[in-house]
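Encoded as structure tokens, the structure appears first; notes follow it.
We just call them A, B, C, D and E in the order they show up, numbering each chain from 1.
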């Protein structure tokens, strides 16, 4: 029953804040309560799963009718649900003084409910329903609260992802038709006959790879991020990108293992290209949000590499990569958003010497950047390390190309730090649109309440990655054996 | 054999009329041709295949009545279009497109 | 070639002649006449095929009603025109091809299959029995259709005043 | 017995306390920065004292990644070379901290400085103590990060910010080599615990061993600024001088040598790897020495000197004498950190870093001058100072192994003596050419100089104890010792005599050597080349992202959207509004459909 | 005439016709509002009665012709319901205009013809109901009263003449081939063993007849003009009820009665041909449309494509067609009625996307109704349209025509170019006209109706998630 609560609370919060959203105070309280409630339940589920170590399941049955509402939480989904719940709170806190706050909060909570739905779905059709349901609130968030060409970005985001997921629907239905086991995902899914596995795999991959995003299919991400409001970006980078990788682990590996094994080299290549390409593109950006967006492409490249290795270490690396990127990207987008609120520009050249004018912001930005470039001791490193080592184990020296990406990661991150934090406090503190240069005030208590826990988690996960891998070990082990290569 | 070819001929002439006559009323005449020919073909074909005369006749009678009703509605359309625009040539209407 | 086939052949040729006349002539009176001959041809065909009721109703409904309607409309439309009323046509190759296609299809397929019927006279009361018997539903529906047609005409015509 | 976990955790805790305490109580909290180094030195000394009895406390390993097929463990233990390194790091770090009390006295953000120093100490000890290659790698990169933050300490200076990024990135290139060495070893041996890996070395294929060794060497070359990854060290001088003394003289740069020493069985098993190390070491030693000669900035002289000395150590490693290399590392740590601190005192006192603006400081700063002299003599390798013994061991090993390399090293040691005495003469004799009047540094800066001077002088004696502890051969090769002393002596005298007339001598030498002098001054253009490459890659990325990503890849997507609209326009035009066309469509459609049906059903 | 005829067969249409007659009497007495109410009551009553009876009575054939029970009464009941909602939504328009009651009556009679088309298993009833629907359609389009409307009606009529000619010829063929037996049930067995050429010609002609009525490619030319220029409420009726009836009738004829013999196996590929044609023409044609009603016209063509593909995929397609057409009918009428509401909120709306910029800020409820309708037509989950699309995909894939499923998927994506642009206009565009002073009021009856339909769409979208698909759509199964 608790699993259903995980979706019910944010949904209820969404409905209430949509209806009563007129007054800011009420909307804030409802949103915060809903997100905190969800986080609480997520913690309970984490604890329950950790202790019992066999998947919690929930099925809504009304006098025997075959319902699609089947939820299950296992090692693969519990960490991601916890991440979603956490980022939900962060997103709510980050959109404290947004205009039309009622609808904004309700869309945010609906988004959270949909994403949790994806992670908990134990039914192929429910998975797809939740997958598409995520698009709707995000579309309205980008379109309603975005910046200059938000309309183009919202449409592009929706159509691009919808094109991928239309093909995925064909794949899913084909899976149901061929699988013959109905739409429910059995605990130990039996793979469909090899002949049609490749077709199903690549149909599913169309939808999944767009969402990760994998390089040739990534051009929607920078536009969506630049235009999305801060809370939107946090959720988009924090959790939406994980749905693709989660889909591969949850559906592609168990249902089409042979096709997955055959496609693993291609996936690994896409991952490595993503790492290098994302980093190279990020190096050339002068808009902070685009920079972090491209860095997300690079980070997700590591996750894809980890998945492609098909080994247990690789999968653990992928899981760590996902959780860590959620925290790091979430923190970075929050910081850039906070800066935008003060200076109304994201241009990297407009700043300088923030280390002096905004010491608190600068310190956290440096920590987040170091985590982003994968410095050991911070959450970025374990995921990348495990993915690269596992990837190297499976594919050999071709993975060394990722090394370029690792160096470039250092380059673009530290370039950003150099241009924004270091250097003389530039006289150009005046925001672009000529507003009286509001003395850029440093992070206030609320903003610290957001940033500090994230930093703490980043450090904790960096020092002791088994916080996440222990809970995921059993499931990932089973997946790795399915993927045929256990090393 | 003769009826079939005759009705087919009348019907296709009707089609030709609808497609080429610029005056809507002439198009209406074409429509009458088509429905008439089809009706005769219906009766002839059914009777030749052993259909009961009464059933066939009732079907044809109903068709006849309906064709007349459609002609009347068509006429109403033409008259209103004419009264408003003083034109009945079908290709002079060209406002709605795209 | 029994007498009946001969009669059928005659009526069909009358029909086709009438049809050709309506289609080709650009002169209004001739158009109306040929349409009339076509309709009479149809009535004759029904008669030959043994259904006097059909023939009579064809005459009443069409020759009486529709033909007059067409004539009246043509006259009304042309009242303002000075020269002899002309019916404009735009002969178009594409239309001819389509018409020919339809003809070939119908004739080629139906020709070999459809023999000409041996006349068996059906009395009107038999048709009445059918209409009120097994085809009662269709009969009722025709009634509704006529009501709908009436309303349709009213709605279309009324359109003019208040828009 | 000082517990190892305390040596690691204490400095981190101290760093947090200093940072949290902020500026107010910094005068008192900065003393806490001594906790880490002292603890490290104490633990190292303790373990060295009873080295005979137990070689290293049991490694408290804990597994960082657990998978069904094997786990990646992390642990710490102190074996002899780790203990020696602990002492070296401890002593040098303590002296640097004490020196910094004076040097950084009036700097505004002292808390950040001392916190970072303490964090660095923790990272360095972590690197030294780690029993698994993963632990070593983690500490390795953390050391790099601390060096980045310390070089960029005065981040308001754009040149410092850029130097910090350069240092981090160049060492990162090395770190990637190290990462893939680990990946290779994990794939081949299934474990990353150092002892197990080294135990499994005999079972590995030769190609794997060589590749792993070379990759490890790439990592080491990055950290220890060997050619071609040396470009970052001279720029690292942007950081505060005590930082240079600690990180860029004694500890971090030595990590590369320590890594090779730690994984020595791997190198021992691979002939080609050792050859590469020898060549790179020798080239770096000679090249850096030549570049050091014409340098006018006192810190850059010492920087290139460090690169050169590290070249010596790698040459020794290449020649197979890792004990000699390690001994030279220890002595070098002592006298090079002394020289850096002395240069710091000189800069503090005279207000300039440019040798041409110095002069006559001997009289103004007697203690500094004296300690500098001891350091310089040790660097030049004059007996009986420490440098003589360790450099001799290196020269002997290399000469025996590869005479050509030996000869090159002899030339390098000659150059070393020459530039060190050139700098001494320019700085300390004659009259002060700079503005203002130089003054001696306060006591708190003089004490560390004296302590290090004593160490630089006496460490030589420890060479036999050192060899016996680590199993190298003891004693001196007399002919080598004599030859090196003569060469060093002559070059020193030349250096000293030539610069009687002060900086003018440089011009004369420039005239005599022509292009070579200018090339050496510009570090043979390698640095410029690398910087131009970096700038070009940054601009290239911007245009690539603009042209390739937005125009081509995104263009493809927009193209598909345009195509959809274009097809849409075609269909819309089909709705032309002519009634006859609509009717014709119906007719034609029916005919086509019927013929299709007939054709299909034939 | 045995009066023991089950209520389900005759009560429902009689209620509607009764309502119409009473309405016309009231109109004659010059009390137009009460006329509209009477017509609406007739329709509403029929709808409720239909739903109640469909569940309770055993399915059967009345008078050997009119099928009733379960789907055969529930689907017409849905038709009557949608017609009633269209009349209610257009209440102000019909109560004030002189021809208003006539239009409302026509909508009611149109839904009776739809019932007959769907449930009448007889050639004659088929022809009468097709012609009846045609007459109603011409009048409803012309009834908008504008010059463009009449022009569209004339153009529609010209097409209609050829179509009804072809229809009659087709039915004549079938009538002859079955040996003069008009009933589908008894006639179809004979049809199986006839010479193949005439039978196939009959199949093609009947298919063309239905394709024209459904507005499928290549018989679609009248759809964009008619929907654009008719009143929104008339378009709401035309785009949902006749299509619902025609598609189900086609399903019954092709799969259930006349053309089920394997002689007609080629029916599948014919259906696929015109289905894919409609799908692509509609989806791509829709993307650039500025006028929203015209956009929905193209959307109608595209959606029919899905229906035809469902019918073409054999037995699995039967439930798919039902689910699809129910969700589409509700979605289409919701969309058009929402446009009527936009007309009320912003009277000077010129019918284009740009004209309705920022309408959602002016009236949030209208924004929600529009969004729900658009997303349902696209086939996005949580909305009824998704279940329709899902079943079409499942049907196609169960007789493994993967390519068709992919084409259908791509068409759905392209269609969002159109549907999404309406949402974009409503929410993200800033309205240049300042809404406050314009005379538009809160939205009136059309807004209420579109909210009701939006809730229905949401319910039809979310409930199946909980209870499984069969339970919700069992009511409509044949």
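We take it that a residue touches a chain if its C-beta (ideal position, glycine included) is under 8 Å from a C-beta of that chain, and two chains touch if they have at least 3 such contacts.
This is a predicted model, so every value here is computed, not measured.
Listed by label, the chains that touch subunit B and also subunit C are D, E.
Among the remaining chains, the Cα-based centre furthest from that of subunit B is the centre of D.
The greatest centre-to-centre distance from subunit C, using averaged C-alpha positions, is reached by D. Taking the mean of all protein C-alpha atoms as the reference point, the chain centroid lying nearest to it belongs to A. This structure's chain pair with the greatest number of C-beta contacts is B-C. Centre to centre, using the average C-alpha position, subunit C and subunit E are separated by 31 Å. Centres computed as Cα averages put subunit A at a distance of 65 Å from subunit B. Centres computed as Cα averages put subunit A at a distance of 36 Å from subunit D. With centres taken as mean Cα positions, subunit D sits 96 Å from subunit B. Touching two or more other chains at once are residues 561, 572, 575, 577, 579-580, 583-584, 587-588, 590, 594, 598 of subunit D. Shown for subunit C are the residues that touch two or more other chains, namely 90, 92, 94-95, 98-99, 102, 105-106, 109-110, 113-114, 134-135, 138, 142, 145, 149, 152-153, 156, 159. Counting partner chains per residue, subunit A shows two or more touched chains at residues 159.
Contact annotation for chain pairs lists A-D, A-E, B-C, B-D, B-E, C-D, C-E, D-E, with touch applied as defined.
Subunit C meets subunit D in the complex at residues 90, 92, 94-95, 98-99, 101-102, 105, 109. Subunit D contributes residues 63-69, 72, 134, 137-139, 141-142, 145, 148, 152, 155-156, 158, 160-162, 164-165, 168-169, 172-173, 176-177, 179-180, 182-184, 186-187, 534, 537-538, 540-546, 549-550, 553-554, 557, 561 to its touches with subunit A in the complex. On the side of subunit E, the complex with subunit C involves touching residues 1, 17, 20, 24, 62-66, 97-99, 102-103, 105-106, 109-110, 112-113, 116, 120, 122, 124-125, 128-129, 131-132, 135-136, 138-140, 142-146, 149-150, 153, 169, 173, 176, 182-183, 195, 197-198, 201. On the subunit C side of its complex with subunit E, the touching residues are 105-106, 109-110, 113-114, 132, 134-138, 141-142, 144-145, 147-149, 151-156, 158-159, 161-163.
By the touch criterion stated above, subunit D contacts subunit E in their complex at residues 561, 564-565, 567-569, 571-572, 574-575, 577, 579-583, 585-590, 592-594, 596-598, 600-602.
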